[in-house]
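What follows is a group of structures, each given as structure tokens.
What follows is subunit A paired twice: with subunit B in the first complex and subunit C in the second.
And then the complex of A and B:
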């Protein structure tokens, strides 16, 4: 009976949404004309003829995420930071086991060998997603989340102590994560500090020179696009997100030592 | 035109299959299987995101909803109970 009810509810929702979409297609349909805001973004994201407005990045999404709307993303990073910190606070003061992993622990040798091959490959894909985020779809968070799959797979396939014995400890991940966050902070105020030193007007979160503020981050190195702050933000966000997820999984998956009450 | 139709057809198939996966995840008593059904639903969603031209969302949705979130839920299940009770 319960199954029938839940099935009926789901079918009703699906049919209702389809009906809504079908009916709304007759009255309201997103027009093919872009809104003026989208036109502004698309016209200025990579435009050498508008040096005061462009971001020098052909990937409009990353340009919006880290340049036009950079403050939003900074606060998203803060939310993620707080989530990891509260996760850590749940496991504070808990003693964790630290045994030497043996050959018997974990899954079969076939799975272990395949994981040893695919682990670096996943890391390479993650780095290419993260560090090419200003050129192709992707970015720091995407690359970091992809890289965070590797420690999860290694913990499942080998054992929860394998990463610890290979030097990936929670303290080191915390250090790496703090380094990433400090890097994000420094990148966002880099041009502001440079402006203070040089006595030129500049803004926090400034990327490319604007009218009245001639400072701009180096946006290409020998013809290779860096897109100013975008590459640095992606790099540090990659570090912060991958080490943050790894930290959470190390804390969650390492068994607790038996407490004598 | 036919490519458009193909994209819409695959999109409709993926969204219907994702509803099926959601239903199976809801009625499943074994929570491990429910997590796997939920991951299958995420894979269909990422296919939809890709078809509707948002590759940035695909790249963040696939590792988070296909890898990290099921792993997190499996850890939680291993620390509590595997089977749902009445």
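And then the complex of A and C:
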């Protein structure tokens, strides 16, 4: 009886979801045409003929994430912050061990050498993904998540205490993460503050000059495309995401001391 | 033939997403172990992200010719034809923008749930949900 009920619940949910999806769009077979909203985004993301609407970024996804729907992403960053902070709050008040890692701990010397070579390479790729997010696919979120792979690999290969002894402590990661979040906040109100100082109309989360608001972030520095606020948002989001995940991984993977405080 | 194959493979992938959805919901609801629930939650999130990506998919006009990636990288800007070609080939960017944040948020929520499981194990000595329910009260 119980099995029948559970099966009925699952079948109802799956069928209901498929019905909803089928009703929401006429057909799920991919067509050659796009919805008008997507065409508007693609048309304005990098378009010198529409200087009032463009973002000056050839990468439409980053333009949507940080310009068209920037406030949305700010609150998603808040959710990210809250999830990490509540995880840390659950792990508080526990004394963690801190031993000096020896040469015997961890995996074999071959693995350690390879990790020492590939670790900086992963970081370089992550920085490239994060800081070129306004030009090529990528951005702060993706680059930060890639950079957070490095501490996990080092903890697994060397020792749980390796990062702590190399100076990557949870306090420093917390500081770096707060710096990233403050940077995101400052970037979002930078043009608003400039408008207040200069007595010109401007908005929170403004990037490129709009009709009626002549202020604009520099989108072009000596022939290099910066896309206004996008580059700064990507940089600070990269810091916040990578250090947030590093913080969580360090705390999760450090063994606890036996007695509690 | 190519068109039929493309349609067939699309249908298979689409149906497999629903199978995935049912399996992950089954694990989430009826598997008693906390870690299994977490794994199934991850699969559920990935399945839903995949649905969103599918919404933004765009068919290549002629299935027999190989597709070219839409790249808009002529700087300084040359002429409008680049833009027209880009718009005619690029997929819908909005679902991708939503999914990319959802993935990172999902990872952060997963980290939180792992901390929660850590605490559960410390308090009860088990992660079996039936045992934890029995210990209550």
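Brief remarks follow.
Just so it is clear, the second predicted complex is superposed on the first by the 228 of 261 C-alpha atoms of A that agree within 3 Å, B and C clash if a C-alpha of one lies under 4 Å from a C-alpha of the other, contacts with A are read in each partner's own complex, and residues count from 1 in each chain.
In the analysis below, a residue touches a chain if its C-beta (ideal position, glycine included) is under 8 Å from a C-beta of that chain, and two chains touch if they have at least 3 such contacts.
Just so it is clear, the model here is predicted, and its values are computed rather than measured.
In the superposition on chain A, A:225 makes contact with subunit C only, not with subunit B.
In the superposed model, A:90 lies in contact with subunit C only, and not with subunit B.
In the superposition on chain A, contact is made by A:38 with subunit C only, not with subunit B.
Of the two partner chains placed around the shared chain by superposition, subunit C is the only one that A:46 touches, whereas subunit B remains out of contact. When the two structures are aligned on the shared chain, A:129 is found in touch with subunit B, with no touch to subunit C.
In the superposition on chain A, A:6 makes contact with both subunit B and subunit C.
More residues of subunit A lie in contact with C than with the other chain of the pair subunit B and subunit C. Look at A:152: by the touch rule set out above, it reaches subunit B but stays clear of subunit C. Of the two partner chains placed by superposition, A:209 touches none, neither subunit B nor subunit C. In the superposed pair of complexes, A:142 makes contact with subunit B and with subunit C alike. Taken together, the two complexes place residues 6, 10, 14, 61, 139, 141-142, 145, 245, 248, 252 of subunit A in contact with subunit B and also with subunit C.
The part of subunit A that touches subunit B in the complex is made up of residues 2-3, 6-7, 10, 14, 61-62, 129, 137-139, 141-142, 145-146, 148-149, 152, 156, 245, 248-249, 252-253.
Within the complex formed with subunit A, the subunit B residues making contact are 16, 19, 22-23, 26-27, 55-56, 58-60, 63-64, 67-68, 71-72, 75.
Note for the complex: subunit A touches subunit C at residues 6, 9-11, 13-14, 17-18, 21, 25, 28-35, 37-39, 41-43, 45-49, 58, 60-61, 63-65, 69, 73, 76, 79-80, 83-84, 86-88, 90-91, 135, 139, 141-142, 144-145, 223, 225, 241, 244-245, 248, 252. Those residues of subunit C that touch subunit A in the shared complex are 7, 10, 14, 18, 21-22, 25-26, 29-30, 51, 54-61, 71-73, 75-77, 80, 83, 86-87, 90-94, 96-97, 100-101, 103-105, 107-109, 111-112, 114-116, 118-119.
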